[in-house]
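What follows is chain A paired twice: with chain B in the first complex and chain C in the second.
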Partner chain A sequence: MTFGIEIKKLKRTGYLPACLGAAALAALFPAVNMAARSETFTVMPGAPLDIVTDASWQVMAMLNVMLLICGACLMYHIEYADSGIQKMSSLPVRPGQIFFGKAAVTALVMAVSLVLETSALSLCADRWFPGFEPDIREIFIRAGFQWITLLPTGVLMLLIASLCRNMWVSLGTGIILVFTLSVLPTDNPAAAFLPFCSPFQTFSSASGQGLIPAFIAVCLTESLCFGIAELICQKLRRYFE
Partner chain B sequence: MNYISAISIEMKKIRRSKILLLLLIPVLMMWIPSLVNSDMIFDVRDIPITPERNFFIQGFMGMAWFMLPASVVICTVLLTRTELSHRGIVKMLSLPVSRTKLFLAKYTVLVFLIFVQMAFTVLAYFICAAAASRMHGCDLVLSPAYVLGSTFRIYASALPMAAVFWMLSVLIPSPIFSVGIGLASIVPSVLVINTEFWYAYPVSYPFYFLMVEYGRAAEGVYETGIDWIPLIPAALLITAAALLIACIRFQRSQKV
Partner chain C sequence: MNMIETHNLTKSYGSFTAVSRLNLHIRKGTVYGFLGPNGAGKSTTMKMFLGLTAPTGGTFQIDGKSYPRDRTAILKEVGSFIEAPSFYGNLTGEENLDIIRKILGLPKSSIEDALRLTGLAEFRKRPAKKYSLGMKQRLGLAGALLGRPPVLILDEPTNGLDPAGIHEIRSLIRSLPEQFDCTVLVSSHLLSEIELMADDIGILNHGRLLFEGTLDSLRSSARISGLPSDNLEDTFLAMIDGDNKCRGRQKGGADR
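What follows is the complex of A and B.
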């Protein structure tokens, strides 16, 4: 039920068109990148899909993370702007339910855009590398992996947005986190597992290092922890307001 | 009400917004890692650059490319959203205040906030460079004239971008689009400065100015001279057009 209500709340905010737009932009990027510099990439050794992904994934992941930040800020902005959250808390609804409704919407939107993006990568590989066979199963496996690496960032961003009454504070915190983790030295392997860093991991480099099960386990645990943290914050919040 | 008091009222409105904290933290996040990893500046990877310039430019890189445009976006959100709660803007617009003045005062505050962030950055640079000099036992502090001059150029080049982002936030009522377009436009600026039409894309100006500094400090990395001719007319035109469109829209708006 909360899921339906959350979708309804987002109806006139432009959330879904913005997400589709960002996904389309991210999906368009590898095509432009390949078209502009196809000679550089077609001579590279390795699997076509990995070459296309490695060439474009940093920018695409950045767009995904920015979308998550904007989306989370917007989702809680509409609650706080006209004290909607107070009305929600007077209803017989658990406060955590709102959060998990929003998280479910975010997760669904992310899944759709990631499938779009990985399909675009696959189509690019098909277009520029003769002999490449697009494989639906492969697309879904890669999209699923990227979805799991994106999940902690989405949940953490929702947690931040739910704690900050003002939109610019949550937006600023999100931006600062992206910035901080992007200037972190890359030689520390543990840093790759942090939220805001893990979305930049590509499937090929993770599987090359044999880290896929580690990524799945760590990212799911992180998401779960942020979800529990939200529940604790909801409880604590009562004493401060 | 004159223009100065309009500005002071706008400053009062954002007094408790914690915006200065939000502008200060990225500066610390930028300089502390570069101080901690300051031994890396001696590893110049065959680029002919002196360590002190390397320290300065590497530190400013993230600022000019990402954090400066993103800070402008955050400030525009602050300026438009802070008055929406409790319908503050409706009360403001019902007063006998010139809307043009109100609009320009808000843009001035935006420009001032970027100035504060750049001042923080320069201050943090001098502290970190002095600390790094002590750590490595050699002088890594550049002359203040050079640092202030190049930072001022980067700051001034951010003003057209600020006008464009401010226009977006006035024109587009849904924050997700105005913020989303702002943040998404940061991503391609690295690609744009390598094309010949970089002057048509104001988001890339700060990064362009930094890359020119890089080119001057290290031969062959980038161009060494600023192409003032397409830049100045294009920047003036973009700024004027953005402010004019936003001002007209602001005059007619019932709700910003």
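What follows is the complex of A and C.
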């Protein structure tokens, strides 16, 4: 029920069209990149899908992270702009239900975007690397891994947005965090697991280092911790409001 | 039987006490006027009833249920409107009410009922951000009345309404206990307004309850204390003024 209500709240905000637009833009990027520099990439050694992904993923991940930041800010802006959240808090809703509803919407939107993006990568590999055969299972495995690496960033961004009544504060915080953390070297194992950094990690690079299980465990733990932090913040807020 | 009861209910923010050892007794099926100047602690008290802010001391029961143990059960029974109307501006009036309806698990017909009661039926398809202040106020009231809850907590519900709207909403509030068998707690800083709709009143100043009882008992109490009793507005102002002077003397004594 909460999921349906959270979807309904987004009506006329432009959230869903913007998400689809950003996903389409991210999916379009590898095609444009390959079309413009195909001779650079087609001579490279390695698996075609890994080459295409490595060539475009940084930009695609940045678009995904930006989408998460703007999406989280928008979701809480509609709550605070006309005090809708105050009405929600005076209704028989369990603490955290609104937050986790928004997290579920974000997770679903990201899943759809990532399937679209990994499909685009696969289609590019098929187009520019003769002999490459697209594999649906591979597309879903890669999309699933990227989804898990995006999860802590999405949940942390929702936590930040829920704490800031002014949308510009949460938007600014998100932008600062993405640019601060994304300049950290991705080969640094500790930095790679941080929110805002993990989405830039590619499946091929993580599997090459044998870090897939570690990424899954750390990202899920981080997401859970941010969810618990939200519940604590909500409880504390009642004492100061 | 009391529908709402508080026992030494207190809310402090650091050294500032917004509500001090409040003992309210709100009878079932009545309209209780909660009166006090701005900053007296009326909204804070109402927010505590809704779990929007946690009490720092004391307890309260609504329909025999205690906070915080029965928070969800209390909220299922309470329709509320606090400070300013709360809504989603991007949604229409009807969509706003539908969200509340879904959470409360009410039938779809309850939306029609609330819209009709508050005179918003013809504006149901208009986005709430395009509503006038009075219409937003009515939407807030419609949200509180949805499903005809047994307890209504209304914080200055006539703010922003035109004289005709004030009269209409006042008549509606006055008729609610009889029509829907509910108990209404309504706050205002205007005694003239409360006088026209309340059975009992509670007067709050600086977080302390100065008086609780019927309007008649307020008159007789004023007469006994030597306060003006012909005009209740004067009684109220004299009572607040007297309390402020008394607080000033106590503060001065403590400072010395």
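The criterion applied here is as follows: the second predicted complex is superposed on the first by the 237 of 241 C-alpha atoms of A that agree within 3 Å, B and C clash if a C-alpha of one lies under 4 Å from a C-alpha of the other, contacts with A are read in each partner's own complex, and residues count from 1 in each chain.
Here is the rule we go by: a contact is a pair of C-beta atoms (placed from the backbone, for glycine too) under 8 Å apart; a residue touches a chain by one contact, two chains touch by 3 or more.
Given the structure is predicted, the values throughout are model-derived calculations rather than measurements.
Colleague: Overlay done on chain A, so just call it for chain B and chain C: clash or fit.
Modeller: Verdict on chain A: chain B and chain C fit.
Colleague: Per the contact definition in the header, classify A:134: touching chain B only (first), chain C only (second), both, or neither.
Modeller: Touch partners of A:134: none, neither chain B nor chain C.
Colleague: In the overlay, answer first, second, both or neither for which of chain B and chain C A:81 touches.
Modeller: both
Colleague: Residues of chain A touched by chain B versus by chain C: which partner has the larger set?
Modeller: After superposition, B is the partner touching more of chain A.
Colleague: A:168 in the overlay: touching chain B, chain C, both, or neither? Say first, second, both or neither.
Modeller: A:168 contacts chain B only, not chain C.
Colleague: A:59 in the overlay: touching chain B, chain C, both, or neither? Say first, second, both or neither.
Modeller: It touches chain B, and chain C stays clear.
Colleague: When the two structures are overlaid on chain A, which partner does A:96 contact: first (chain B), second (chain C), both, or neither?
Modeller: A:96: touches no partner chain.
Colleague: Is A:184 touching anything from chain B or chain C once the two structures are fitted on A? First, second, both or neither.
Modeller: First partner only, chain B.
Colleague: Touch check for A:13: first (chain B), second (chain C), both, or neither?
Modeller: both
Colleague: Report for A:67: first if it touches chain B alone, second if chain C alone, otherwise both or neither.
Modeller: first
Colleague: Quick one: smallest Cα-Cα gap between chain B and chain C in the superposed arrangement, Å?
Modeller: Between chain B and chain C, the shortest C-alpha distance works out to 9 Å.
Colleague: Chain A residues touched by both chain B and chain C?
Modeller: Touching chain B and chain C on chain A: residues 13, 81-82.
Colleague: Where on chain B is chain A touching in the complex?
Modeller: 17-19, 22, 25-26, 29-30, 33-34, 37, 62, 66-67, 70-71, 73-75, 77-78, 81-82, 84-85, 174-177, 179-180, 183-184, 187-188
Colleague: With touch defined as at the start, can you tell me which chain C residues reach chain A in the complex?
Modeller: Within the complex, chain C touches chain A at residues 13, 47, 50-54, 56, 72-73, 75-76, 78, 80, 82, 84-91, 95, 98-100, 102-104, 127-129, 143.
Colleague: Which stretch or stretches of chain A touch chain C in the complex?
Modeller: Residues of chain A touching chain C: 1, 4-5, 8-9, 11-13, 78, 81-94, 238-241.
Colleague: Enumerate the contact residues on chain A facing chain B in the complex.
Modeller: 13-15, 18, 21-22, 25, 59, 62-63, 66-67, 69-71, 73-74, 77, 80-82, 166-169, 171-173, 175-176, 179-180, 182-185
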